[in-house]
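Alright, structures below, take your time with them.
Common to both upcoming complexes is chain A, partnered first by chain B, then by chain C.
Up next is the complex of A and B:
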């Protein structure tokens, strides 16, 4: 721009002459860098969601020839379907356990492990191991541990408990056992995120608070905890999403039982309805509702937790 | 900072399954051979070696056929086959997959009467008059296997002949600190026990019950079925079944019986394959599930054979393989020895070197045939003889509900009628 805001002829012409190549270059950059990812996302995420949405408006059954458009009938039925409402309740309880327990324990463990030395490094690895284990491996291990004759009940019998709980066979315990297993597996993830958050807490603030006479609890509550808000946000949102779509542990450990629907999550119910009862239109409606709930819950939690985040 | 943490979180989350994952390679057919895929399932009796040997026996006779074995991730091979179908990977040949649903959708090849001429019950398991699954073998479901040593320890001198005697025996076992019945929480474990009860309570009185249910003439809430549900619930209430066993899978349930953790095990006759293994030291007796009046009732299912995809790329090779597999004398003998099956092939007689437990089970079945006491095995039927798709899984979970006391017989019956209505909609 020229002096006094007036453009000289040559300066004014320059952007006009270069605009088209500039736009072309930007489009080319977008296509070359963002194109493959966008195409993959569209093919493997958006398209299946849209196809499922389409199926959810039909009575599609792959084993029957005729498929009719039923509008929102599947959604209306779901609102009163006992099986679906039970699975919604089960999923909500599991999600609450998985969001709260690993978050709380993960924070405690991270604070304990936020020190230097090979022992603490080794302990960090120990806590992180369950995260990298396949859910199948975790499920098999815990099924054996929690079996009526498993190690835990044998230990309880050794301690004089005549009738140890049926961790996976008693309908009153099974859901909480499952929640415990999921929490155990996700604990290491929370620890890593909180440790990373703790390392961003400026030591000078802690030292200043100490000089001012603040004790350990006060220092944690007034300085560390507010600065860990971003870590809490990440952990909560990721745990929420992971827990809400949990399927594999249920399939292997309890198969939705003991009995009917005791631990059947929405994702498990989707598979049962779609692939065992063959009602894939109805199952698609369940999946869409699950998607909406996850998206809404994540957005709300994200918004709420971001409010308490502070930037240094 | 938040962005950094989020990136770290995503990296950790994505890396975890990646580290745990493994890749499965694909094989290709040797030049000049017609490749077919074959879905099997593995159990303690049906080992990978068993399947490999059985396949080889057929491919040795038909060297133009190359077989790619697919193994179901668990015993529910029917659900796995559905997943494969909907993902466009339907196997060319399958064994012991329920044809219901697949057949109506035009996915299975219908065997011709000429192809079925060697089978004893060529129309068993038909769907709308067409047979899609080779009716290859008969299984008695259940036989009550009992641990002789534990019976003796509890002071039981004879096999129960009536349901009242069975209850008396169970009471004696419980009083002696022995769990009367071993079970587990999956279809093949708890199903046979309930099939035994429903065989005597329901099918013995009305062998066409399931057809009547399909026609809407009877319901689960009718007296016969409800009585069967009440009997199962009562066995658990009396403490004759350990409700904690429902967390066990099939293999763990079987192992519990073999380890002497319970006296009786209502199981399909395939258990004989395990009992007759050379290293088995358990002394086991067998009797059929007793009815109230002591009249013999033998619940049995004939079917369970191979099915062929109607859309198999090499349909001729698939049909040739399936028939070759099913009629091969060596395979039949091995299925009798390893899985206790009674091949339902004309002129077939089990080998003379079968084990004593197989022989005892075979004699019980033969007695049932002679006395016209054979009835369908509830929950294990196929085709038009069976429940609507999806209802069998609800019947399984209802059995667990009855055993754990989560539901009453009335609630279970109402639930099953509601699920039937949903499946029929």
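Up next is the complex of A and C:
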């Protein structure tokens, strides 16, 4: 716009008395338009992050009087803390499942549904419904389905499986069951994004390629898939960010178990340590590490995927 | 062929949804024994049980959810539209820094800020209150609103505002009489997405409203599953009733939903 530049040029010629109100007017412009929103954001996001950073250098516990500055001790302890390292591993596995499975299946479903007609429109709606459901509702439904005597195991027994797995009660299965539930909920989001991407693939390109003798797989791999790059970027970044902060499903379905911490994500551990054990200094250090990882991971993924978009 | 395959895949995918709905209308023992059977004959006993709980859990939760969601999205729309306008129409180092700060807010997990939030709200005397939760929502979701509005305002020609200013309108008048009415699609996106998110939110009301002070529909459901003798029929009924508003809202505004979601996905 360059509006600011032009203004300050002419300002230089004006006497001082009129320049002052100009600055005042700009401040007023910000305060009247941006003030309330910025203030809310500063009070409830920025300041709390700084306070968290401060807490993380102490042994703060709201139910104990004496708070000491402990420097980086919390971070040092965390680096070798069994529970924390397990939660890192759990979060990484869960994030990997949630980034890969809905992305891959979502693409497949989008390709399947990429046709006109009311049947396909209705089916799109079906796939999107879990996205607008509360994670609490999704968690309760799946807890019933995956119960040892729930629908899934009833069906498996009916098919002749004598001892179907304890999807949520067996430490070897629980984390993957959780990943499956999350993938089910996020799938529709990916479908919608990929469908929008598919609509922008020029039909002429596909036709030209098939005249040149390219089969359907070749056409998909060489034309459609590269053109879906922006959709892949959006899905991956959104899935990554939401997978990393998974808390609700863990709290409702498994409570971090079965066993010790087999499904306890970092997000879950932060709140357990902060609000149940009340070790808020220690929990804040975890939260800060979590914030650093999520910021770094999304920045890297965004950069990598966007480079791919530009390269086309 | 493709239609058949699509129907089959969707049918498998929809099994949990089907189970959630049919069990609302089945008697308790039948829910455990045959969760997938059709509710014949259908019963309204579960819905009556959920609505008629002596602690009025459903009604209290519904009232809280409606108040929290409505207030939050109304305030958020106004604040983020104005802040978005300021950012889109001002170019300076300060605005760029502000934009960057706000954008980074899009990925901040609530876990990082909830512990200090309880202190901030306690200091303001708003911990465990509905206004406290609303204020938190406003601060936490303002980046999303600003993100949507800024992008939209950049596409509106600035000449419109300049000519209004020449006619003697103040900035505020210009914004509310000319710019804001033009932003209806952006406003719809913000209202829809934030409405659904805030309605479905679990962790923030759990921590901020507290377990006993008051429940929203999500924490209400959570509380009903924490009790010893879980009446699954009544629980399914409560989930059904709590989801119905958001589901109807989604079905009615489906087109806007998808448009808002896919705006950036295609980069025309």
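Observations on the structure shown:
Following the convention adopted for this analysis, the second predicted complex is superposed on the first by the 272 of 312 C-alpha atoms of A that agree within 3 Å, B and C clash if a C-alpha of one lies under 4 Å from a C-alpha of the other, contacts with A are read in each partner's own complex, and residues count from 1 in each chain.
Here is the rule we go by: a contact is a pair of C-beta atoms (placed from the backbone, for glycine too) under 8 Å apart; a residue touches a chain by one contact, two chains touch by 3 or more.
None of the values given here were measured: they were computed from a predicted structure.
By the touch criterion stated above, A:123 is placed in contact with chain C alone, chain B being left untouched. By the document's definition of touching, both partners, chain B and chain C, reach A:197. In the superposition on chain A, A:132 makes contact with both chain B and chain C. In the superposition on chain A, A:64 makes contact with chain B only, not with chain C.
Of the two partners chain B and chain C, more residues of chain A are touched by C.
By the document's definition of touching, neither partner reaches A:226: not chain B, not chain C.
When the shared chain is aligned, chain B comes close enough to touch A:276, but chain C does not. In the superposed model, A:180 makes contact with neither chain B nor chain C. In the superposed model, A:169 lies in contact with chain B only, and not with chain C.
Of the residues of chain A, those at positions 132-134, 137, 149, 189, 192-193, 196-197, 200, 230-231, 234, 275, 280, 309 touch chain B in one of the two structures and chain C in the other.
Residues of chain C that touch chain A in their complex: 2-3, 5-7, 9-10, 13-17, 19-20, 32, 34-36, 79-80, 82-83, 85-87, 89-92, 98, 101-102, 104-117, 119-120, 135-136, 138-140, 142-143, 145-146, 158, 171-172, 175, 196, 199-200, 202-203, 207, 217-218, 221-222, 225, 232, 235, 239, 242-243, 246-247, 250-251, 254, 257-258, 261-262, 264-268.
Chain A makes touch with chain B in their complex at residues 62-65, 131-134, 137, 143, 146-149, 166-171, 174, 189, 192-193, 196-197, 200, 230-231, 233-235, 238, 242, 254-262, 272-273, 275-280, 309, 311.
Chain A contributes residues 1-4, 29-30, 32-34, 36-38, 40-49, 51-52, 55, 109, 112-113, 115, 119-120, 123, 125-130, 132-138, 140-142, 144-145, 149-151, 154, 184, 187, 189, 192-193, 196-197, 199-200, 230-231, 234, 241, 244-245, 247-248, 251-252, 266-267, 270-271, 274-275, 280, 283-284, 287-288, 290-291, 294-295, 298, 309 to its touches with chain C in the complex. Residues 1-2, 4-6, 8-9, 12-13, 15-17, 19-21, 79, 82-83, 85-86, 101-102, 104-107, 185-186, 242-249, 252, 256, 261, 389-390, 393-394, 397-398, 400-401, 404, 406-407, 415, 422-423 of chain B are the ones touching chain A in the complex.
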